[in-house]
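Two complexes are shown next, each including subunit A; its partner changes from subunit B in the first to subunit C in the second.
Up next is the complex of A and B:
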């Protein structure tokens, strides 16, 4: 054992900086979060043990139900639209002569270069009432102005526009990489059979691309469940007041941070985080299992 | 013209129309942002829409205003330190770890790697509250650069990506260096690092863009204005109580977009390779 350690210590030495940071700022906070979730704590005074009280408070809060209702609506719309748009972009580029393809690929990717919070801030001023470009154009052509950012009927769609605008180019790149891996011989065979472009896409590209589509959908799904920055900016939220008009853009992460920093209920905020983690891990493991089946 | 040819032509026309339609949607908002910034001061573009930038001096005046009157200059400084230090330190940590995982066998290797990869399935946002409590209560790093930078350094994606690359370095090369008397650390420093230049550069760009685009953590840990990042300032501009005009917000947006746009302009291939490689938004 002694000799072993002597021979191997250099390996552990090189690993120490990474794992020190990893344990202190990732593993420990998770455990600390679970611990805190059983206490009533304002962050200043001595924490008081309350058992499962925080969990029942969070689960029964009206805002929690609203946040989960909103997130379900959001995820179910934004993920499929995002995937369809990214797929169309990938197909458009794939069918182009190489030179043009590279140009369009860069242009379509451009929005993905912009940070999410920034995209929200740019779109906010395009969609704004009175001064926003869309509404200015609407009134120029005699249409009624639309309150994209304050009317609960439209707010979710404004967020989806921002989300799809930013993430489509990014998913497109992954899909193009997947399409490039499809053997050319499959397409040649289809051509011999007289298939047109559309039939090629349906019969070859999509079935061959399923692992890639599954991967991008999974990631889109998991990150959509944690949506925060874009709705936060679009609604001009603060810790004291967030979620926009009638809480139409209230989402779990937002609600969790509000509980912590707005009302200084860190125990409840921690419990909120634990619940959300379980929800996300639940979906991750389902997707993991499906993925295993697909690969078989 | 045969029916087949006609069908083909129509298909091609549809293809290009669709391509241009998406091109406009992708690029126009960015163009519009530039257009709003470079327009005469005091006359909102929205009241008098023009489709091209019309005043260079107006744009410069707006940018000057947010830089010197609204604390944007300091935010720029904070953001560059944040992004720069994160790139340097994070790559140091992850490349050292990737060197061990990629080239050597030692007891506990598989366990340690799986332990780190566990982070990939743990949703990060969820640990924000306890991370804040840890950093402020145990380290007292509220409103400091340390609090901003250090918690984000152990980058598991970086570790994964660099390990994949370093694994492919021929073992003969390492053995030859060892026979020549090179120490464990100098093999890392003098052979492995230079050979992984490309992968490291791709990762550096990925980390820079990601850090520059970070809002949630800076918002949590930096609560005083002298430590606001660019992202936090823009968040603040968008709050209803600040009464910043749309011109100023757009000028701030424009200046915040410049670093990632420049990086993209010069290192396009690295940026897209990074995406295709890790599958994760930078």
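Up next is the complex of A and C:
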């Protein structure tokens, strides 16, 4: 592919505003972040070059290990559950009469457009001890109350509930679009062969939906690895104390923010960010490799 | 038609240039404060003060921005980084060292000393001393503060057969009261072990002022493991009588305002919500102590800082006007909390304000939230080992004393990591 500047300069000129914005707001912060990660910097005084010291401090910190342990647990549970719930919703809605399908499509999509901090605040009330809706219902039916937001055994699952509630609608819409693209002739052929609905889903819908599932899974992984607002609000975190009881909801972005604004170690915060970017890159590459193998 | 269009464009351009001329003559002073100070009645009152000040200072305009604690802290940090500090800002002294480290405010010592003696004499010498951590250095004007006490729901106490006039002599008696309250079908109090601030409310009942904070000369945590164990033993005792909700959570506030929770230790800000609830029968009492001569409670101070900006001279004038006696006396009429201006606070005390009276009573016993104030910033997530220990201790997963020593050592380790 040859770039013919002379002939296409007008087109490139029209793209210039985007590229300028892209450089200023995307490329420059990345480069500056990497640069900062090699300096000891409080944001005000002249930065002092410290080589890889920030990386060493971040990697050896107790909180980093905890944050990564938590994020791995979280990602491994929330992404598959999120995908399964979205897929089931997509299948059910697809099978509904158009009018009802549209209604439920909108209803399930609604949480995706609610600001995350608002959704988390609502769930904080719902899951609250003693007076929260869930615990009140538990009491009414004779079940023991659960400290959803303070018992480390349940805190991760509370977050997963919020996350799935928020993201399922978005993934469901993408999956419905993917299902709509599957040629009807494949289902007709399956019917002729005597396949039931379940067999159609297993043998036609899922294989045909792999590109869509790959996109939603990859997107889910990237979002989950950057989880921040919901656990921050659910645990009532502040810059001085975050992560909730026993740090059960301490995640890398929270720790990074705490290091930056809580103790003004922007060099370490930047190193944290670079490490996190590589982790995301690593997981995404694995997913691409798996996808490539499946395609083959 | 074309002429008309040209004429319209010229008129519009002239309007814009006129606006910019007006704006060019007006210097904007930016004033950032906490949301409870910058909204409602307190904002309206401050606006009156500002208008009064501007009468003598034409050519200035004051823009007040109100923010939550964390938002204000991060906004001030980023403003300092980008050289766009507000001219005036309010914050808590526990962030003092952080602000000093980023040159957020100016040293007002000379300006303060240039004020007449009769002006300076209005202020609490102890608070002035806090704002003046070393010779010739004063970082802020004394503004407001709090000494924690507890709100008591009198209807709940009555229903549980507890006489509110009978003084709670110590924590044992308090625990017995809570047992009675629980047996009557109510909650004694909220949960203290999931938040360092709430924990300090109770720890302060057993500990001395020297048992809390950081000694930066040796980079060690001052947490006292034995006192920590006593606190945990008490928290375990009252756990069956408490709600699992913590201070400030809407659920805990609702339990108190709907007559389901008896004791709610907090600062004066909680009263804003409580006094709006019609029929809520409550009063104030000191948090009991480990012994009859002791009491508990967290204390804190808010300061008014002059930002490190080109407008510092006029900002100082405005700041010193805002904390002056006539203004603070009017403040005290609608918000009876501790004031750095003692003369103004006395006017509220003289009219028999009950909340101010309890604040004054609590002051000798409280432990300040995060001392020392202007020396060095605390490490990030400093309290994590303490909170982890508290949760393990509450669930019998750790030997109380060994765990307390380990928590203290981990906190010390985080200080050493930061500063050595």
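Before moving on, here are some points about what is shown:
FYI, the second predicted complex is superposed on the first by the 267 of 296 C-alpha atoms of A that agree within 3 Å, B and C clash if a C-alpha of one lies under 4 Å from a C-alpha of the other, contacts with A are read in each partner's own complex, and residues count from 1 in each chain.
Assume contacts are C-beta pairs under 8 Å (C-beta built on N, C-alpha and C of every residue); 3 or more make two chains touch, one makes a residue touch a chain.
These numbers were taken from a predicted model, which means no experiment stands behind them.
In the three-chain model built by superposing on subunit A, subunit B clashes with subunit C. Looking at the shared chain after the overlay, A:74 reaches neither subunit B nor subunit C.
Looking at the shared chain after the overlay, A:38 reaches neither subunit B nor subunit C. Look at A:87: by the touch rule set out above, it reaches neither subunit B nor subunit C. In the superposed pair of complexes, A:19 makes contact with subunit B only, with no contact to subunit C. Judged by the touch definition given at the top, the superposed model places A:242 against subunit C, while subunit B stays out of reach.
In the superposition on chain A, no contact is made by A:221 with either subunit B or subunit C. Between subunit B and subunit C, more residues of subunit A are touched by B. Of the two partner chains, neither subunit B nor subunit C is touched by A:55.
When the shared chain is aligned, subunit C comes close enough to touch A:258, but subunit B does not. Remark: of the candidate stretches 78-86, 132-140 or 168-176 in subunit B, the one overlapping subunit C after superposition on chain A is 132-140. When both complexes are aligned on chain A by C-alpha atoms, subunit A residues 43, 125, 128, 130-132, 236, 238, 261 touch subunit B in the first and subunit C in the second.
By the touch rule above, subunit B contacts subunit A in their complex via residues 11, 15, 18-19, 22-23, 25-27, 29-30, 32-33, 36, 44, 46-47, 49, 92-94, 96-97, 99-100, 104, 106-107, 109, 112, 116, 119, 121-135, 137, 150-154, 156, 159, 184-185, 188, 209, 212-216, 220, 231, 234-235, 237-241, 246, 249-250, 252-253, 256-257, 260-261, 263-264, 268, 271-272, 275-276, 279-281. Residues 69-70, 73-74, 77-78, 80-81, 98, 101-103, 187, 191, 194-196, 243-246, 248-251, 254-255, 370, 377-384, 387-388, 391-392, 410, 417-418 of subunit C are the ones touching subunit A in the complex.
Of all the residues in subunit A, the ones that touch subunit B in their complex are 4, 8, 10-12, 14-15, 17-19, 21-22, 24-26, 28-30, 32-33, 36, 43, 88-89, 92, 95-96, 104-119, 121-126, 128, 130-133, 136-137, 140, 165, 167, 169-170, 173-174, 176-177, 197, 215-216, 219, 222-223, 225-226, 228-229, 232-233, 236-238, 253, 256-257, 260-261, 266, 269-270, 272-274, 276-277, 280-281, 284. Taken together, the subunit A residues at the contact with subunit C in this complex read 42-44, 57, 61-63, 125, 128-132, 145, 147, 150, 152, 236, 238-247, 255, 258-259, 261-265.
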